[in-house]
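Next up: some structures, all given as structure tokens.
Okay, so subunit A shows up in both of these, paired with subunit B first and subunit C after.
Up next, the complex of A and B:
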């Protein structure tokens, strides 16, 4: 192999595939990046067996070839080089590559690309096209609700359903559920559904970045892998076996009270109260008030033997308000959802102190977040 | 509130096998192998068959009785389902055995739902979801509720309003009180103590003679006084995880990694049980089998993996600094939990079925 490319491009490509390179593994070759040539492009691939990321950069290919070399070493070296043309040549004995850039050079020992695990290919099945920023938004709004401990492995995944022109992404741990519904760019004829590890989908979101090229994804006919095409980056992820719980049945069909508040106010009140909630099992008590001064949410917390606090924010209240228009949540669950919702109006719906609360955002009609309350003595 | 199945095993069998319905049946071991009756249907009880009676005696009393072998796996599953139904009504459920539990419904009553409503709703839910009947007792304390559920079986509902405890208890035979078994009751009858009232009116000296240190408690419950709370979780002293190493090591990096992994295991158990502890403990067994334990108490209760790992690693590294020993076993544990009372004051609710 003999190719040359720009330092900047190579550095960026290494950063992208580096997300999939295994940092610790029983299989040393997984700490390597595979470099090969294809149609006048330089192709880089990293995998930790859960996901594989491949990207292509423009290069001048003198002779074709492929090799794997330690990813960390290569990217550290390339990142330190000046922004100029890098010449890469593979050496057969000992198996290695030489890199030259201006007056810097290096030799890095490599391994036979045959040892590198084959990356699953997905060339059958319907291709689904989604707006990249919508998909990124979906991932941000859903993935954090997935379980992180794997006492129920299926809950560490995100359920994806695609039906004609709509998609639904849903994640839940035992205590909260996030669902995002959106439109595909082009309708598809077959419905499909799968469960993808939340971590893999978070990588997809990260790879989209500020990109504006439509993201395309495909699932293998056997339902074992999904492939996402993001510009000139491809990510292949294992899919998860098992069946996801019926999340739709967890979404309350109605509410007793709804309050519309500015998220900036609500987030601040939750953050303030969380300072005291830290010591008291994270309990935030929320009381809905509707009196002559208008609607309000009162958020309070207390820490035994330390102190307590209360904050109040204005809101538009719907439904009959009484003593029972109150609910308690773990501050973390509330803070995390408000955090992803960003600026704008938030709707907060409750039914009773022991039934789930719902958080939605104006302008994000497809998004529903359900949180189970904490049972507390009032 | 106390909820209790009526002839649990037998009722499950009659539910699952229609041919057994309306017939005297008993669940238990075979008569030829000196089995005993584990559960007798109400039809067989008419013949005087009771639980714990030798199977041969039961068959003598009623030769038509059908003897069914127990299916404990099924009973356990039904029990799990019914506890779920109970938890639909209130998260504060204290299971006593497979087929009975205390439910604290104080907050529902405070919300203006009447006790008969709660109890009927529960009975109806159990019937519609499981096809089984329960007897329910509602009262201001656990001990009175349990007695109330037992006096009107099967499919009973007895409500003892606050203030009505003494009129309710006094005429009942002493055997209804928990803690009075056949031997004690025989003794009491010799002293002409037959009803709860007889017992309640005894001077403490006599009661102490019979019940020893338990006398005060007996005196209280015979007057309907019982302040024990419904305990949703039996208190656990500590939760820990330990591992024996394949090869003894003194390698700090390896040991750190194991401590992190064990912290994760402990966190998982804590999370499942919704518990938090204040004390993190590290246990190390050296190659010479001497055991060292180090513990640290933190101001905030810990539950998640990183919160446990931090003090555990600190203890480990402190230990490693002053030692060149090799270690063969490592354990990480958390104790100093919130008391059970605190636990039921605050509880993160879960989605049903997730």
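Up next, the complex of A and C:
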């Protein structure tokens, strides 16, 4: 193999595939990046067997070839080089590559590319096209609600359903549920559903960046892997077996009270109350008030032996308000959802202190977030 | 008048009876053993009042010939051995000829029996060994014995009976053991209120385990598969055992049998536990039913009338057969991930490596004996300031050793705090305080969790209803053996709710007496919610923990009675460095 490319391009490509390179593994080749040539491009691949990332950069290919070399070493060396053309040549005995850039050079020992695990490819099946920024938004709004512990492995994944021209992403961790529904760019003929690890989907969101090329994704016929195509980058993720809870039945069909508030007010009040809540058991008490001054949400928390606090924000209240129009939550769950919703109006729906609360954003019709309440002494 | 006199035969008989018959469960044991020796394959047991009011055992065995019915109740009368040489090869469960005699000495007994080939049966009634009725009866083949008024003439013995439910539980677990031992026999135990315990008599051990542990646990268990040479004359092991992940915190799910007899044997249970060494690192106990066939002349069961103790001629051979058989089964069939967890410490090493010249002193526990009853309620109720509060000195955290102990400097030398024990104490006191104020917070689950409980666990849940209610964790019945949980206590929200529930149950099953249910609840939760040994802690976390411990009412012990801290005082340090 003999190729040359720009330091800048190689450095960026290594940063991208580096996300998938295993840091600790008993299979040493997983700490390597595979470099190969294809159609006049330089192809870099990294995998930790959970996900694999492949990216292509423009290069001048003199002779074709492929090799794997330690990813960390290569990327640290390339990052330190001046911004100029790098010559990459492979050496057969001992198996290695030599890199030359201006007056700097290095030899890095490599391993046989045959040892590198094969990356699953998808040649058939429907390709789903989604607007990149919509997908990124979906991932941000859904992925944080997935479980991080492995007590129920299926909950560390995100359920993806695609049907005709709609998609639905859902994540739950046993105490909350986030669902995002959106439109595909092009309708597809067959319905499809799978569970993908939240971590892999978060990588997809990260790789989209500010790009505007449509993201295409597809699933292997056996349903074992999903492949996302984001511009020059391909990411392949293992899919998770198991059955995801029937999340639609967990979304309350109706509510007794709804309050529309400015999220900037709401999240500030929640953060303020969280200061006291964190010394207690992380409990926020929310009471809906509707008196002559208008509708309000009163948010309070207290910590035994420390103190308590209370805050009020204005809102538009729907439904009959009484003493029972109140609910308590773990502050973390409420703070996290308000955090991703950003600026704008949010709607807060409750029925009773012992039924789930729902948070929606007025600007995002497809998004529903269900939080389970806590039972406390009022 | 002479001081030493020979007891009358009446009194010596009663003393002997007391050795065989202690409580309702021992009556059931003797009667079921008789039924099994009679070759029954269907045994029906029903009790009322936990067996204190009455016990009925009915079987379809060989029955007793009409002319022998009365002899059967005489002392030392048995159909099971005839000559002295028979004693060396006992294959029946009973043989001493004392069971019926002892039972009839202390209760009212009615026996109805019809032997095979007889056209009619016999029914006799005895009251404290006096025949009160005898008649012919038209009944099916087999024997039915009803025992009532147990020890009614011996109030001193009756005093030692536990509550009806406790006596009922003993019978329940006894029948479970018989069922494991005799998978070919269909047992049914009916104790009135609770669901009857039933086995199918299919001959498959796993079916019996399903009846005892529930389908989900039983299906995970592994059958012991050892191949023996044709020529092998030594002990043979069979049975079914749990995977290393199915361990429990006590030995209540270990069933050991030798030649079809339930036994207690340190050799066997030690061998069983040793076989799991290295598969998982915790201090828990494996579950399983081990059946050992030992040549009859290699084992002595005639150690005690209750026959639960056995002696082996060749202990080390038995040990190696049991340990080796289980271990090779585990190696062959155990899921791989358990082996990866290999972090077992060698206990002999840690014990031996303690320098003999190092005498850490356990801080005064003020009469709180290690292993004793955790008793905090008393302090809270009196609202008294604990005298120990002053005992705990102000401490400055220096660092952490082995990710397990916090090293602190105090007014007198070095203090080492066990982080797990300390945190356990902190949580324990918080739960007790919360429970007394009724402010335990619970988090509702998105989806209810479905749990399968075995009959013992159902009883435990029933007995500790208060605790589960307070935690909002009350299991709702959802079909046979199946329950739903809708909430978890806040402090367990991070953990797997199913796992938490089982850990609470096993903590509740430990035989520790508590002052109040709040204490028991706190005890069941604290250990589980506390940080583990081996967790790295930041300086802030350690300082906070020490601060919280300082404000505990009883900071020097964890709820189990282990010390939370040891002190190496200045004097010791100076002596160690030969300064004085």
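By definition in this document, the second predicted complex is superposed on the first by the 378 of 378 C-alpha atoms of A that agree within 3 Å, B and C clash if a C-alpha of one lies under 4 Å from a C-alpha of the other, contacts with A are read in each partner's own complex, and residues count from 1 in each chain.
The rule is simple: contacts are C-beta pairs under 8 Å (C-beta built on N, C-alpha and C of every residue); 3 or more make two chains touch, one makes a residue touch a chain.
Note that this is a predicted model, so its numbers are computed, not measured.
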Report clash or fit for the pair subunit B and subunit C bound to subunit A in the combined superposed model. clash
In the overlay, answer first, second, both or neither for which of subunit B and subunit C A:324 touches. first
Figure out whether A:375 sits in contact with subunit B (first) or subunit C (second), or with both, or with neither. both
Which superposed partner A:278 touches (first subunit B, second subunit C, both, neither): first
In the overlay, one of 58-66, 94-102, 112-120 or 148-156 from subunit B clashes with subunit C and the rest don't. Which one? 94-102
In the superposed arrangement, what residues of subunit A touch both subunit B and subunit C? 149, 151-152, 172-175, 177, 245, 250, 281, 283, 330, 354, 356, 372-377
Quick check on the complex: what are the subunit B residues that touch subunit A? 91, 111, 264, 267-268, 271-272, 276, 299-301, 345-351, 353-354
Flag every residue of subunit A that touches subunit C in the complex, lowest number first. 149, 151-152, 172-177, 245, 250, 281-283, 328, 330, 354, 356, 370, 372-377
In the complex formed with subunit A, which residues of subunit C make contact? 437-439, 441-447, 472, 487, 490-491, 493-499
For the subunit A and subunit B complex, residues of the former touching the latter: 149, 151-152, 155, 172-175, 177, 245, 249-250, 278-281, 283, 324, 330, 354, 356, 372-377
